[in-house]
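Contents: one structure, followed by commentary.
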Amino acid sequence: MVTYIIRRLIQAVFILLILTFIVFGAVRLLPGDPLLMFLNATDIEALSPEALDQARHELGLDRNLVVQYGIWLGDILQGDWGKSLHFKNANVLQMIGQRMPVTIHLGVLAFFFSSVIGITLGVIAAVRRGRWADTVATLLANTAITIPIFWLGIIMMLVFSVELEWLPVAGYTPINEDFWLSTRKLIMPVICLMIGSLGAVARLTRTSMLEVIRQDYIRTAWSKGLRERAIVIKHALKNSLIPVITVMGLQVRFIFGGAVLVEKVFAIPGMGRLMVEAVDGSDYPVIQGAVLVIGIIVVLTNLIVDISYGWFDPRVRYE
Amino acid sequence: MTLLTVENLKTYFHTDFGLVKAVDGVSYEINEGEIVGIVGESGCGKSVTQLSTLQLITSPPGMIEDGKVIFDGRNLLDYPANGPEMRSIRGGKIAMIFQEPMTSLNPTLSVFQQISEMLSLHLQMDKETQRKRAIELLTQVGIPDAKRRIDDYPHQFSGGMRQRVMIAMALSCNPKLLIADEPTTAVDVTTQAQLLLLMQNLVRQYHTSLIIVTHNLGVVARYAQRIYVMYAGRIVESGSCDDIFNQPKHPYTIGLLKCVPRLDEEEDRRLVPIEGLPPNLINMPPTCAFLPRCPYKIDRCREEPWPALKPVGNQQVACYVDTKLTVQ
Amino acid sequence: MKRFIMALFITVLVVGIFLGSCGEPEETTTAPTTAPTSAPTSAPTSAPTSAPTSAPTSAPTSAPTVTPQYGGVLRMITPMDPTVLGYPAESAGRATYYQYAILERMIIYAPDVWQNQNYQGILATSYTFENDMKTWTFQLREGVKFHDGTDWNASAAKWNFELRKEAGNSTTFNSMESCNILGPHTVQINFSSPANTFEVELATGIYFISPTSFENAGTTQEERIDWARGHPVGTGPFKFVEAILGDHVTYERFDDYWAGKPYLEGVEFIIVPDATTSKNMMIAGEADAYIYSEFKETLELEAMDGFYARYCKHHTPEGIWPAALEPDSHMYDKKVREAIEYAIDREAIIAAISLGSPEVEIMYQAPIPGDPAYRPDFGRHYDLNKAKQLMREAGLENGFETTIYVRSITGRWADMALFVQAMLAEIKITVNIEMINPGQYMTYLLFGWPADTLFISGIPNEPISNFVAARDYACSPAGVPKWNYSTVQTPEMCALWNELKAATSPEATRAAYVALSHQAMDDAVGIYMMDWPDTAVFADYVKDCDWIAYSTKVWNANTTWMAPH
């Protein structure tokens, strides 16, 4: 197990190296020179080609791509993530440090609730197959999958914030500042972010659960005199979650993707917006830093998913 | 003393293709300490009969339409399928062992977890006692080094060992009745014999009754005191083991016996398989289900409905033909 | 069946929501309330000895019945993040408005600036120039303190000018030869060449920060600059508190403000990128103002009770510009450019994209009415026959293929591009539409567009039109970055542009500007189409807020106050 984790971590390092190198090259291929993007009307004439070359030189942008990458990597390892080209006083590590907890807060809640609610709906639908509870749960799951996040966000905002005035329209408050306000502000974004995953998880859980409750060992469990709840939770659920875990691992990526939209609609200062704005502005150091961090998170969640298989299914061996 | 009496049990499956009368008026009984065999080809309804007694039929599509299951003086079919009364009987009073040791144990729970949940449920044991008892049980069923292996998962055991675990589990709460549904079908012949012997010893030791459900007459021959032969959802013949083996009355039983090798017989006897295939249980004609395959059929068989069981000698037989006269 | 139930459910939901949300905008009643206070009643005089006398911040005059009240934090929604706040040399173009309430300029535009090109004094009370506009002398306001408690005086001004020169990114300051302190509140600055756009620069981009705070901020200049970028210490009515990128920027009241204690306790900018969300926040009362609002949301909010909208014109003319630099390109031929302009039906386009608002005005030339270069009868109005005729004369009756570049920042321009595509098809010009990102746009804009292409954009405009003309019609050798809105460089224009750059008096500047502007319009440098207003929406209780009252470059935050609500 330990060897397996170590081996996977070493793999992860290579994956991250390849990922960051590709992104490093790709952002430089994007059209648009980041040096030119945020100029003032008065300073343009002072920007002679020589001055631009000088600025480029100072930023190291005139060097060979591989050399630039090497320098960036070296700096990263020493804790210097560079500075934003756009927000000149903003240290990339600090920016990510500010934004990441927000997206993680949002993402963890979305992940948690989509998993819990999705699995519950799926289990109810499977156990009550063909009855009204199944119909309702399946309907909810299908609706959840097909609903467009953007539309849902705006509709909820109109209903719950503008009409009913129950929830704040938008914004973010850190949880340690004001727990109640923070939670109220996050209700709608979390619903938007989790809704798709919720549907996917519910449907998959239902299918997988239906498969599992037909198994011989479930009959055995019944023959032991166990309650239905004990059978579902102890005997069926763990087995039926094995395929669901894979999908939940994938949801981490979708949550980062969905965060781009949700953070924009609800004015939440998270990684999604940071990334989009950085790409728009060709803000190389920010893009690179963010990709690295998100890459690490995705690689780690994959690892956690793979390790958790072992907990769900003792037949899985790590070699 | 009669422990379990099943009367006129009918279990039907309402499928998309039509009505399947899997169990169609089955009656049998078992006494305390007795070993009874229920024999029949695959798909004849013998497993469904046993599942029905414990109301373990998946519903829908399965439905117990009629009948009584009298156990300890109570009709189990009066209780709701998954209600507390039924649950206290399952595993506690009546335990089952299933055919497939590879799939009948939960792959994600350790052997200890699977045994201990019964101990805590039916005997309210604490964790420590559960562990001691589980180790004891596993030792009894012949699992070497039980202390160490108790936390292993099913996939770490061989097929025979898993069936031993199943037996240990089934016996863990001292049930009055053990129903073994094809307990040895999936294991090799040597293991088969060991397991049957083990079961026989254990039920004697615990004074537990045992129903062995099997398609293999040879299996029951050695262990069962009485035998019920089932065909197409009905019991076609019943009687003591000796009688059935020595004087089979029903053409089906005769056919079955012809395809079982025997050590006590003249040499060179050819094993003769029963002609034809078991019937499809969907939308059966009212006549005897064995009719198409029966070598003894007479006109009456075609004209009248399937006969009820009636005493013939020491046995009960459901047939119009006096096979004694026609057997070569 | 299940699918049907689901469809039914969704339909009910959608219909319900539409019915629910349609309610409010319908009840259109009176929108704007009391006229926003006109700004300071300064007495701006004409240039040479312009001596703005009264404080620009004296109490507004046009809100006679209500007495301003103290208190409250003004919450303003804005879609943009601040960039650099406290190091004026790097204040980037688009989000400088964050500085208005915290840092101050020597002069700002006066309310009549569009008509008379007047300024009013803030940190300077008067100024003079002489020696062919090479020597400028400023009389500084007395009694002004920085937020760190230090005094604003001649040495602070000199220090700021020198900081700008050191930064090396301003043509004007690059030519600064010396800066002398003539008295405790008198400072003189000498340039090596005529600085005839110095006033505009002072009024738009030159902010002053506290030398003391800056100097104490670090051991190296690099450290100090870095600190200042995020820590603006100025003389404005509000003090900087914090800026959380992507979330909010907050200011608190500066009690020692030279024009008296500001009414508001603080200002909070809430950064909201989405327009619908912004609108909903306004309706839900989560913000008091929405600045740089989207046009559609502005109209919608204005139609509701409790809000007034403001439309600031002339700052952003929008139009289409041809890339005509290459002598062998089709568009190098003035006839082709004219043909394109005649083929475009501005009225149809504006009718389609202005959402019925009268606030979008049609344009046929760069100068706005009232500008000295404005010619009422000038303009190439829609005339398809003339367009075809010109194409024939240019030998292009069979047309040609071109690309129109559209920036992706607003959907409006994509709509415009579709119209242009259809209209130019009439004169057999095949137009491909290509969306470009801000980076591409800036690269093309500064280093030139691919030959024979078109692009759609707004052009930042200033009331001081000679400044804009000098920028837009610049004649520079290839390879030197310039603002390539217009790429037409006829010899006549170049001569006039050089004249404008060399002008040494306001009169000469004005004359050169008028000539250059006329020449540029005659040479069909681009198709000015409409005067797209900058917009903002305020809750009714926000009073005397001169935010974009006449220019997007002015906000005297100290006069703004909020009635109980």
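Labels for the chains are A, B and C, by order of writing; each one numbers its residues from 1.
The rule is simple: contacts are C-beta pairs under 8 Å (C-beta built on N, C-alpha and C of every residue); 3 or more make two chains touch, one makes a residue touch a chain.
Every value quoted in this text rests on a predicted model; they were computed, and no experiment measured them.
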| item | value |
| --- | --- |
| Topology of the chain contact graph, where touching chains are joined (line, ring, star, complete, other) | line |
| Most heavily contacting chain pair (counted by C-beta pairs in contact) | A-C |
| Distance from the mean Cα position of chain C to that of chain B, given in whole angstrom | 90 |
| Centroid distance [mean C-alpha coordinates] between chain C and chain A, Å | 38 |
| Between chain B and chain A, distance of the C-alpha-averaged centres to the nearest whole Å | 54 |
| Chain B-facing residues of chain A, complex | 130, 215-217, 219-228, 230, 234-235, 238-239, 312-315 |
| Parts of chain C lying in touch with chain A, wherever the complex brings them together | 2, 5-6, 9-10, 13, 17, 20-21, 81, 83-84, 90-94, 168-172, 174, 201, 204-205, 226-227, 229-230, 244-247, 270-274, 276-277, 280-281, 283-284, 286, 436-443, 446, 460, 471, 474, 479-483 |
| Touching residues (chain side chain A, partner chain C) in the complex | 30-34, 36-49, 51-52, 86-90, 95, 98-99, 135, 138-139, 142-143, 154-155, 157-159, 161-163, 165, 168-172, 264-267, 269-270, 273-274, 277, 280-282 |
| Chain B - residues contacting chain A, complex | 51, 54, 56, 60, 82, 86-92, 95-96, 98, 100, 103-110, 117-118, 121-122, 153, 155, 166, 169 |
